[in-house]
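You will see subunit A twice below: alongside subunit B first, and alongside subunit C after that.
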Partner chain A sequence: MPKWGMVIDLETCTGCQACTTACAMENNRLPGENWQDVLFYSDGEYPNMNLSWLPRPCMHCENPSCVSVCPTKATYKDEGTGVVLVDWNKCIGCKYCMVACPYGVRFYMDEAPVVEPDVKDTYPGDGKRTWNPPFKMPDEYEDASKGIGIQPKGVVSKCTFCYHKISQAPEGVADLDEDNPETKEFTPACVRVCAPKARYFGDLDNPDSKVNELIAEKGGVRLKEETGNKPQVYYLSGGGSPVVPGKRSTRS
Partner chain B sequence: MAMMTDTAPAHGRGNHFLLHLLVALVLLVLGGGYVLYEIAQFGKVQFNTTNYGIFWGFAIVVYDYFLLTSTGLAMVASLYHVFGLEEFKSVARRCLWLAFAGIIGGVAVLFLELGNPLVAIWATPLNMQTASPLFWKVLLVGAYTVMLALVLLGMINTREDKRNPLMIAVGALALLVTLVAGSVYGMMAMRPVWFGGTVPVVFLIESFMGALAFTVFFSHLEERLQP
Partner chain C sequence: MTDEEVQAKLLKTPSGKFEFRSGQMEENADWIAGMTGRDKAKLMFPIWEDPIQKGGGDLHLVSPKVALHAEGRGSNIPMVIAQLQPTVGGRGEAYLEINPVTARERGIDDGDRVRITSDVGEIEATCRHYEGIRPDTVVLPMEYGHWRAGRWSESVPTGHSGECTVNQSDRVTGQCNYYTSKVSVTKA
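Coming up: the complex of A and B.
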């Protein structure tokens, strides 16, 4: 069984946010509530300043604190893929997982809109759905037990590594690469659209995978190692610049 | 020496019980009605939480305050029922009724804030996520509420000063609920402001402070209500 992981090369990433947009389209995300976000930081004052950015998906940790704290086991680690998912049928909306996640990648939608005007008013939801976006994935992809589809009211959602795509990948493949016609359709949306090819997606348990090669050769690091969560998303910085924007940086 | 439980002087009292009750009910209807209207009209957006740091808002503060005050009141009552401290005999019964009111009020606020409160009732005990402090909190709060209700049911037709052995369980559960409620915050290593072993102790102190404040306030109120 694969243990899917991602490598993001910060030296190659241009901060274009195509990943954010593709994720929003693929996963019916509300504007501003991005499962895959790019955080921008500034350091210093004009003209002596530095702009840096950090693409941030869910880290799909090996030892996820969100899973440990969920009182109903609604958040769980999928054994077959190593992906952290949310069962919307069991989620009680207590938001303890949001408190416990060190990376801030979980989302509750019953809140004031991040982006005005509130498009939920323009495309109101029916039944349990929070809203009905004009763009949305085919209904047959929706699976509430894995947190895939249009987010219902009163539950927490998160990046699924495009579970509806990667779970259909041919058995035994080491990498899901958009340049490979055989794996293109099973590649997560954010990886597939990355124009500068800063993202790689593959099996961390397969020694022949490209992601393992990059982590080994370019010194891939994980964020907030001190929490013990052991993310399955690795960052490459080329060794020359800090992976995470400096502590003096201001989030813009 | 004057004691906390001493009654106020008898002179100058009036029988305003019905008036006070009426005012309390009007405030309850107005306040509760306003909250329910806001939630029905605008949804849980009115709780003003965000995905960017403020995950738990005022509703959780209110819930935890009333929960801790309730457990504190049960522990104050235990000082008489379990440990036999006569100084607390005259307020023990009142403390238990206030503890019950506190827990019902606190949980009611929590249910307004939770995304799916009805799912929580079955999904929490059935899924046995023993690693989560919130799982233990829900179980302990449930057991505490049931035991407290049993004690109060037994008290309705009995002598006020009779010590109840069931209060050993209520007192122990109240203490556990308080410490576990502190652990819900104190175990969050990724939230440095909350993290630490002292948080459950702080919760225990807050619990007693809230309980003593309630005891003093309602004892004075009761005395003034006497004809």
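Coming up: the complex of A and C.
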């Protein structure tokens, strides 16, 4: 069984937010519900100012703190893929997982909308879904038990690594690469649209995968190792340049 | 390379460098000089002319696109508005980016509401101190807050930059030249 993981090359990333947009379109997210986000940091004074950025999906940790704290076992680690999912049928919206997550990748969207007027009022939902956008993934992709599709009211949502795509991938494949016609359709949206190809997606348990090669050859690092969460998302920073934002940087 | 080798490889012009001279401009020099008042003797060469900065204020207002800008239609797409100006934290709102030194001189704090005024108009916006901007310049992303682009655009609590920029065309080529103007910025 694969253990899917992602590698993000910070030296190649241009901060264009194509990943953020593609994710929102693929997964029908609300404005501001950025399962995949790009965070910007600034450091220094004019004219010696440094702007850096960090694309941030869910880390799909090996040892996820969100899973440990969930009182209803709604959040769980999927056995077959190594992906962290939320069962919306069990989630009670207590937001404990949002507090526990060190990476801020979980969303509860039943509060003040990021953009007024609220699109949930413009495209009202039907009970099962909180809203009915004019664009929507096919109904058969939606699966509330895995947190895929448009959420009902009062639940927490998060990145699924595009579970509806990767779970259909051919068995035993090492990498899901958008440039390979055989795996293109099973590649997560953020990886598939990345124009400078700063993202790679593959099986961390497969010694022949491109992601493992990159992690080994280019020194992949995981964020906040001190938490012991062991993310399955690795960042490449080129070794020399401090492209991972420093502690002195101010988050925009 | 020796001096001779360098000489042999130079361009075949009298100066050995690139030389530009427009035959078309020369042919029509009388007419152009008559219409524009420029020096007939220099017309056919590339010439430098001081830019004309309209607007009347003391700061340059620049109204750029941001990463998610594609066309003007983006100003009414909630998804785009939600992450339009990430470098200064603009989510749901377009901020006026101002150098902290410039801002403090005017008594403007980070996050203050400011008034941007030029000869042609006046708008309000929330400002963000940002070290990545020149002290003589302020930046306000274009198109957000337009009064007629749609319900989401209208509700962005930022004035539309176009209200402050002077409508002028480039005086040589006639190209669009209305994205900047001189403005003054005060606390609202």
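Just so we're on the same page, the second predicted complex is superposed on the first by the 248 of 252 C-alpha atoms of A that agree within 3 Å, B and C clash if a C-alpha of one lies under 4 Å from a C-alpha of the other, contacts with A are read in each partner's own complex, and residues count from 1 in each chain.
FYI, a contact is a pair of C-beta atoms (placed from the backbone, for glycine too) under 8 Å apart; a residue touches a chain by one contact, two chains touch by 3 or more.
Everything quoted here is computed from the prediction, not taken from an experiment.
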*Could you figure out whether subunit B or subunit C reaches more residues of subunit A?*
B
*Counting only touches as set out at the top, which of subunit B and subunit C does A:160 meet: first, second, both, neither?*
neither
*asked:* Taking the superposition on A as described, I'd like to know which of subunit B and subunit C A:49 touches: first, second, both or neither.
replied: second
*Considering only the touch criterion stated at the top, classify A:40 as touching first (subunit B), second (subunit C), both, or neither.*
second
*asked:* For A:183 in the superposed arrangement: first (subunit B), second (subunit C), both or neither?
replied: neither
*For A:114, is the partner it touches subunit B (first), subunit C (second), both, or none of the two (neither)?*
both
_On the A-aligned overlay, A:91 touches which partner chain: subunit B = first, subunit C = second, or both, or neither?_
first
_Going by the contact rule set out at the top, does A:151 touch subunit B (first), subunit C (second), both, or neither?_
neither
*asked:* So in the superposed three-chain picture, is A:209 touching just subunit B, just subunit C, both, or none of them (first/second/both/neither)?
replied: neither
*Find the residues of subunit A that appear in the contact set with subunit B and again in the contact set with subunit C.*
114
_In the complex with subunit A, residue positions of subunit C that touch it_ = 67-68, 78-79, 81-83, 86-89, 91-92, 99-101, 130-135, 151-152, 155
*Which residues of subunit B touch subunit A in the complex?*
43-45, 48-53, 55-56, 114-117, 119-120, 123-124, 127-129, 131-135, 137-138, 184, 188-191
*Contact residues on subunit A for subunit C in the complex?*
15-17, 20-21, 24-25, 31-32, 34, 37-40, 42, 44-46, 49, 51, 53, 114-117, 119, 251-252
*Which part of subunit A faces subunit B closely enough to touch in the complex?*
33, 65, 68-74, 89-96, 98-102, 104, 106-108, 110-112, 114, 153-156, 224, 227
